[in-house]
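Lettered A, B, C, D and E in written order, each chain numbered from 1.
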Amino acid sequence: MTSFVKKNAKILVFSTEKISDPAIDMAGLLKLHYPPTVYTITVPCSSGIKPNWILHAFEKGFDGVFIAADGTDCVFGESCTEKTGKVVAMTHEKMKQNNLDPARLRMAALCSVCSDAFVRQVRSLNEYLIKTRYSEK
Amino acid sequence: MEERRKKIEFDALVIGAGIAGGETALNIANNGYKVLLVEKDHSIGGKMILLSKVFPTLDCAACITTPKVSEIARHPNITVFTESEVTSIVKKTESLFIAKITKNPRYVHVEDCTACQLCEKACPVSVRDEYQFGLVGRKAAYIPFSIANPKAAVIDLEQCTLCGACERVCPTHCIDFTMETECFELQVKTVVLATGFQLFDPLKIPRFGYGKYKNVVTSMQMEREIAPTRPYHTILRPGDGKIPDQIAYVLCTGSRDDSVGNPVCSQVCCMYSMKQAQLLMGALPMADITIYYIDIRSFGKGFEEFYQQAKDMGVNFVKGKIGKISEKENGNLILRYEDIQEGIVKEAEHDMVVLSVGMLSNQSVHQIFDGEMLQFDSLNFIWQSDLLGSPAKTNIDGVFVAGTASGPMDIPDSILSAGSASSEAISYLIQH
Amino acid sequence: MKKNLGVYICHCGGNISDYVDVEKVRQAIEHEEGVVLAKTTMFACSDSNQKEMVEDIHQYQLDGVIVASCSPKLHLVTFRNVTETAGLNKYTYVHANIREQASWAHSDDKEGATEKAIRLVRAAISKSRYAEALYPNKFEAEKAIAVIGAGMAGMKAALSIAEKNMSVVLIEKENTVGGHVAEWGSLFMTNEKGSELVQRIHNDLLQHENISILTGTEVVSSKGSIGNFTLTLQKKHQPVDNLRETMEINVGSVVIATGFDHYIPQRGEFSYLNNENVISLPDFKKLTDQSTGKTLLYNGKEIHDIAYIYCVGSRQSEGENKYCSRFCCISTIHTAIETKKKFKGIRNFHLHRGIRTYGKQELLYDEALQNGDIFIQFHDDFPPEVSFKNKKTSLKVKDLLFSDKELLLDADLVVLVTGMLPRIDQSIGQLFKLPKGRDNFYNEIHMKLRPVETVIDGITLAGTCQGPKNISESVNSALSAATKAFSSISNGLVETEPIVAEINGNSCVWCGECLKACPFEAIEQKEIDGKIIAVVNKSVCKGCGMCAPVCVPNAIDLIGYSDKEIFSMIDALVQ
Amino acid sequence: MASKINPAFQDKLKKYGAVNFNACYNCGTCTAVCSLSTPEESFPREMVRLSSLGLENDIKSSLKPWECYYCGECTENCPQTANPGELMMSLRRWLTSVYDWTGLSGLLYRSVTFTISALIMVFIAVLVLGNAMSFQLAEMMHYGHLFEMYVVFAVLAIIFIPNIARMWNFTILRPKVKANLKIYIKSLPDLFVHMFTQKRARDCDKEDNFRWLEHFILVLAYLSLLFTTVFLDWFGTKSFFVVVLGYVESFFVFVITADFVSSRIRKAKALNKFSQPSDWLFVIWLMLMGLTAFLVRLFIDTHMIDNNVWMYIVHLTVLAQWAIIIVPFGKWSHFLYRSFGMYFSSIKAASEKRKG
Amino acid sequence: MEAEIGKTAKYLRDKQGIPEKAKENLKEFVRIKKALIDALKNGEMTIPQLSEKLSMSKEDVTFYLMTLIKYGDVAVGEIDDNDEYFTYKLNK
């Protein structure tokens, strides 16, 4: 593990090419700061995220995972919202089975200009994770 | 100048690179034809690229426009001339048009500029930013706006003190004050006019106090205030930087108004005002928004539902056109109107007023045709010679019209009209 | 797995290097497995650097390139093109965003930004190891287009395609062409007669050899996808012969132009059918068009005072049709003007809910006002009352424009201004599985980006089947649809994106979950080597990946987003 | 109560000069820009609406047309160029004809031929009378003066009192305005204030008081000239003071009316753009009245009158036409109806107030 | 080419001079910028406060202040208790 003192939780963000990624980019453009331990992997659509990817991330050391979902803006149709919800539900189920705190996985629909919302979301997740995972340290 | 005219050849000339012109150029180019797209501004994407979100879906304008715009800029069959104007067009024979084009200097070599903004930082000059409709300043060396395309610096020579600071910091040495106007002579087979519209200038209605009362803004200024690339850190009154909480919309400013010479309806103002109202309610949860209207024209797909949604959200709709606006000492505004439903003249106080300005014809192409002249309707929009059978046709065979150049239109209708014009242009190219 | 990777880290003229120590990033990754070249550059996107990249690819025999710079939205395509110029497959290129998502986002924390940039580049390198050469799916397309419905939109779409020298089959289930427009008299804005306009377009159609017009014909089934649709057509049952002729046609694309139905008021709606003096707008238009006398006669009675009740069947607060039918205000006003011109002693009374003569239509509204037509606006909740006493029809209405004053008027005829409905016969929609909007009209993909295309590739929408429109709007939409249909197959080839779902036949046990999840019906059941499995139709799949998470045996991967790629990226980010 | 729409009224009203008012699409701009419009009394859009729908009874019972002083702002700003200002003017003309029990008023407004014939007939009558007196100046002036005196009372008694009673009936009695004598008396000052000062006209055009001032002086000059000629016998007096007074009054009358005529010719303002024959008749005859009276007295003072009897005949003709045609049936009566309009409207307001 | 790369501004300046309007405008901006920045050196202020202190109209203060925020010279502080006006401060 890295040696520097850990201030922030490691968060993996799954964002989508057309919708939430532009919002995250714009957060940068507008210099809306958020913890640098937030990393993004971009996929075409949030409903295509597999639960085992998320579990793998926890297993390898991510503290939290945030799904920046397409919501109703999804280019692949309106069923995306419901299906992404299912993916999250499925993963929560598996997390419980593995004794992982389900609150370590969060999801919110982000429109392509929802930079503020993105920053709010990851900051709040970060605070939660620091409180629950690093408070004893 | 004449002898320095460079000769170029294309299949199609599209004048105006707003969404209608852009869509037309893409459609034609996708069928293998070489298209020259001429734009007088520094950036393509027209007015739409400057909008916040668009009705009735509330998706952001930039998200729709920027991919289109980069597709246009990258397309191997499309050549874009920005800061350029077509000065004359002559139809020589069936499918041969000769056009003269003037390309004004940008003083920046676009292909070398990386939009690093160092010149902008270095420039000491500050003037009103026309892309923010005067709400904030910009430098004399500047990138028009953050999602402009081409995303490259421009030098505003009129305001430049020629200090050379920009040039000294530019890492790619792309700034060049020796650039001069270039002239081209173009041969094309077909021409599409997509010259768009002009916004009504509310200074023509002195009783609304625009220009005099600083908290009276145009809808385009409000559009910028709520766009992600907004001029202020949040929504503020330009008169004193206060957060507004009683905002009024004055519909039909310069539309349906014979007294200012524009008797027709602009089609979009009702809808964009409702859209702004909804966005404002999201951004300023405490704000009350009132829309003063004559008739609400929510006629398109999903528009009526959008109107109902605005009502349900609590937007206050008042039937009655604003007659006069006066200012109070604290910058608030008194609006006098007749409440039509009650038949009573009333006064209402608001702390910010948005004038929903209409669309007027853009008369920039009116004089460019030589020989066979282009015809216009009574409002100076381009005349559609077969409105019902072939709406994109003009009176000149081989010249087509797309978008708001032929009359007020919303974005979906402009895109359809562009599809129609490109269809006619492609057919014309195949047949000739 | 690729061996020779080249990595470029961009300063972006300070935009990145002011906050991210790009040299540190370079050093951190230069010894990663497979990296044979790691460079920093002032502007990766500059012409000079692009040229250098091409040279490097040749010199170092790179088979994978990574650029760490700004957002891929800006320059992914630029660098893909660079690698392609150098002879690599453009899909082997991987982009890392260290400007918007590192230097700018964390300009308050230079160390953190640098650390993040290192990890992002590492993740990109990991992904690059697996990034395969991909090729667009190409297949031959039938160079012919079917247009279903021969109203104004269908006829114009067919004509416009034929003008582009492509063959068209125009299919109409009625025995004549022209749809509703053919039934109409004088049309607004131009005053041309509907039948004349249809005749004019029909004559143009007949000039083209590559158009076949099949009237009295229905489409009964459809197979295939973009490039290769097979439609089965059936001649409608003719009383003379008992034979039901069927035929098959092959086309590359289909334009749907099935139009609309008029709203038919219910019995008793404003006394419709209970009072013979209450008729619908289409019937009234027919009446005025066909009457030739100096006065307007209806059932042998002279008509002078006509009351029009607007928004019948549109903008319903209770009923299903919430939408505005868009054409009716102007259509009524135009009809009122024409009626007044044509017949003696006509007085028009318009009972409306806000006149929506948008754009230049306003000029006609003005004309009607100048003619002395009376416009009364009623409340949404207080519709006019129609009563019939002593053979006299009278109306009572509260005028919103006049302090809700109750007004009375006698009318010789009451015209119900009926709106547009989506076709009651939805068979074509079902056949092609076209999605519908809230208003039950067929839905486009995106109102502004792709207003005539549907989620089903190769199927476009023309005219009022997509939503209410007037004639010139319908024609614009028809020509747009024609352009899209034509462009998609004009070179005889169809290309689709290579990023599609892939099913591992060995693991698949066919449970059907993926088929249920797919919004595009891109999954088919197939028997391969005696085993029933799911396969992806590459020409239909759009690469959303919705099928992947629902697969119980985890047999589905989206190309470019396989488990091994994602896992390797996660590992790189966290290591 | 439900009212029946009557579109035929539009055509009727057009004969009284209303232009284009049916172009109105009810935006309310006119009411909102009108500086006389108040929440209690909002106009002119309501009057435009009533006129379009043809609700005659409502118009008859309305006093709003008299509350408008035609500054023209509504017309200038009307987006439909529906000309609400001119409509209000036309309604005043129509109301004049409705109030007038003889029906002559309506004929004068609607028919130019009738007006010209009436003017000619009066001229002939003057000639016939003059002939009967062998065109003896002194005799003519004597009877002229008597005519002046009697006609004032006759017009008042035969025409104006019944007409104002009718007006009262339409606007107060029939709409069942409940007002007791106290209210009538209390409101009385309004009648005279408005009659002599036209103070509302001042609010009409706040930036420019000149028109109001001109008007005010004209009213004073005209009324005092009337008094001077009829009761002080200006043409016959020996009093230096009276002579000078008459000169000053008649001078003001013809100078101010001349200015009005010239601005009508130039059509400078919205309110001048749509002049009807009745408007021309009014100002020109008033100007002629002032001018001829001035000249007659001048001729007397310069002793030219004996050789120029025609001067007096011209004056007498103008005077007779004025007194018999224009005052009782023409635009002059607006002056009276307007004042009573304000009076009745203040009675109405007081009774409303009392009702709570 | 007559002008050397990187010195083309001087070339144009020598050739056609500097527009008077541009010089005036620059002077005005520099003056106002200095006034605003000096005023903010003493602590955070709202637009009405700045307007009063500098005897500048509120709309001018708003315009120039927003411009200085855009250029990175000024930052946004807190909003007042009535949620009406923000305070502004110098950046860094």
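Here is the rule we use: contacts are C-beta pairs under 8 Å (C-beta built on N, C-alpha and C of every residue); 3 or more make two chains touch, one makes a residue touch a chain.
In this text the structure is predicted, and so the values were computed from the model without any measurement.
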(request) Give the chains in contact with both chain C and chain D, ordered by label. (result) B
(request) Using the touch definition from the top, list the chains contacting both chain A and chain D. (result) B, C
(message) Counting C-beta pairs in contact, which chain pair has more, B-D or B-C?
(response) B-C
(request) Give the identifier of the chain nearest to the protein's overall CA centre, each chain being represented by its own CA mean. (result) B
(request) Just grab the chain with the largest centre-to-centre distance to chain D, centres being mean Cα coordinates. (result) A
(request) Go ahead and note the Å separation of the Cα centroids belonging to chain A and chain C. (result) 32
(message) Please tell me the distance, in whole Å, between the geometric centres of chain C and chain E computed from their C-alpha atoms.
(response) 48
(request) Determine the centre-to-centre distance between chain A and chain B, using the mean Cα coordinates as centres, and give it in whole Å. (result) 37
(message) Can you work out the whole-Å distance between the CA centroids of chain B and chain E?
(response) 28
(message) Multi-chain contacts only, two chains or more: what residues does chain B have there?
(response) 59, 256, 263, 295, 340, 343
(request) Spell out, as numbers or ranges, the residues of chain D touching 2 or more other chains. (result) 25-26, 46, 80
(request) Can you tell me which residues of chain C touch two or more of the remaining chains? (result) 73, 355, 366, 401-402, 446
(request) Kindly provide every pair of chains that touch. (result) A-B, A-C, B-C, B-D, B-E, C-D
(request) Please give the residue numbers of chain B that touch chain E in the complex, ascending. (result) 121, 124-128, 135-140, 158-164, 166-168, 173, 175-178, 214, 231-234, 236-243, 286, 331
(message) Applying the document's contact rule, which stretches of chain D touch chain B when the two form their complex?
(response) 25-34, 37-39, 42, 45-46, 76-81
(request) Going by the contact rule at the top, pick out the chain C residues touching chain D in the complex. (result) 347, 349, 355, 365-366, 369-370, 372, 374-377, 396, 399, 401-402, 405-409
(request) Under the touch definition given earlier, write down the residues of chain E that touch chain B in their complex. (result) 1-3, 5-13, 18-19, 21-23, 25-26, 29-30, 33, 46-48, 51, 58-59, 61-67, 69-71, 76, 79, 83-86
(message) Using the touch definition from the top, list the residues of chain B that touch chain C in their complex.
(response) 27, 30-32, 54, 56-57, 59, 64, 66-68, 70, 74, 111-112, 114, 116-118, 151, 171-172, 256, 263-267, 295-305, 308, 319, 340-343, 377, 379, 381, 384, 387-392, 407-409, 411-413, 415-420, 422-424, 426-427, 430-431
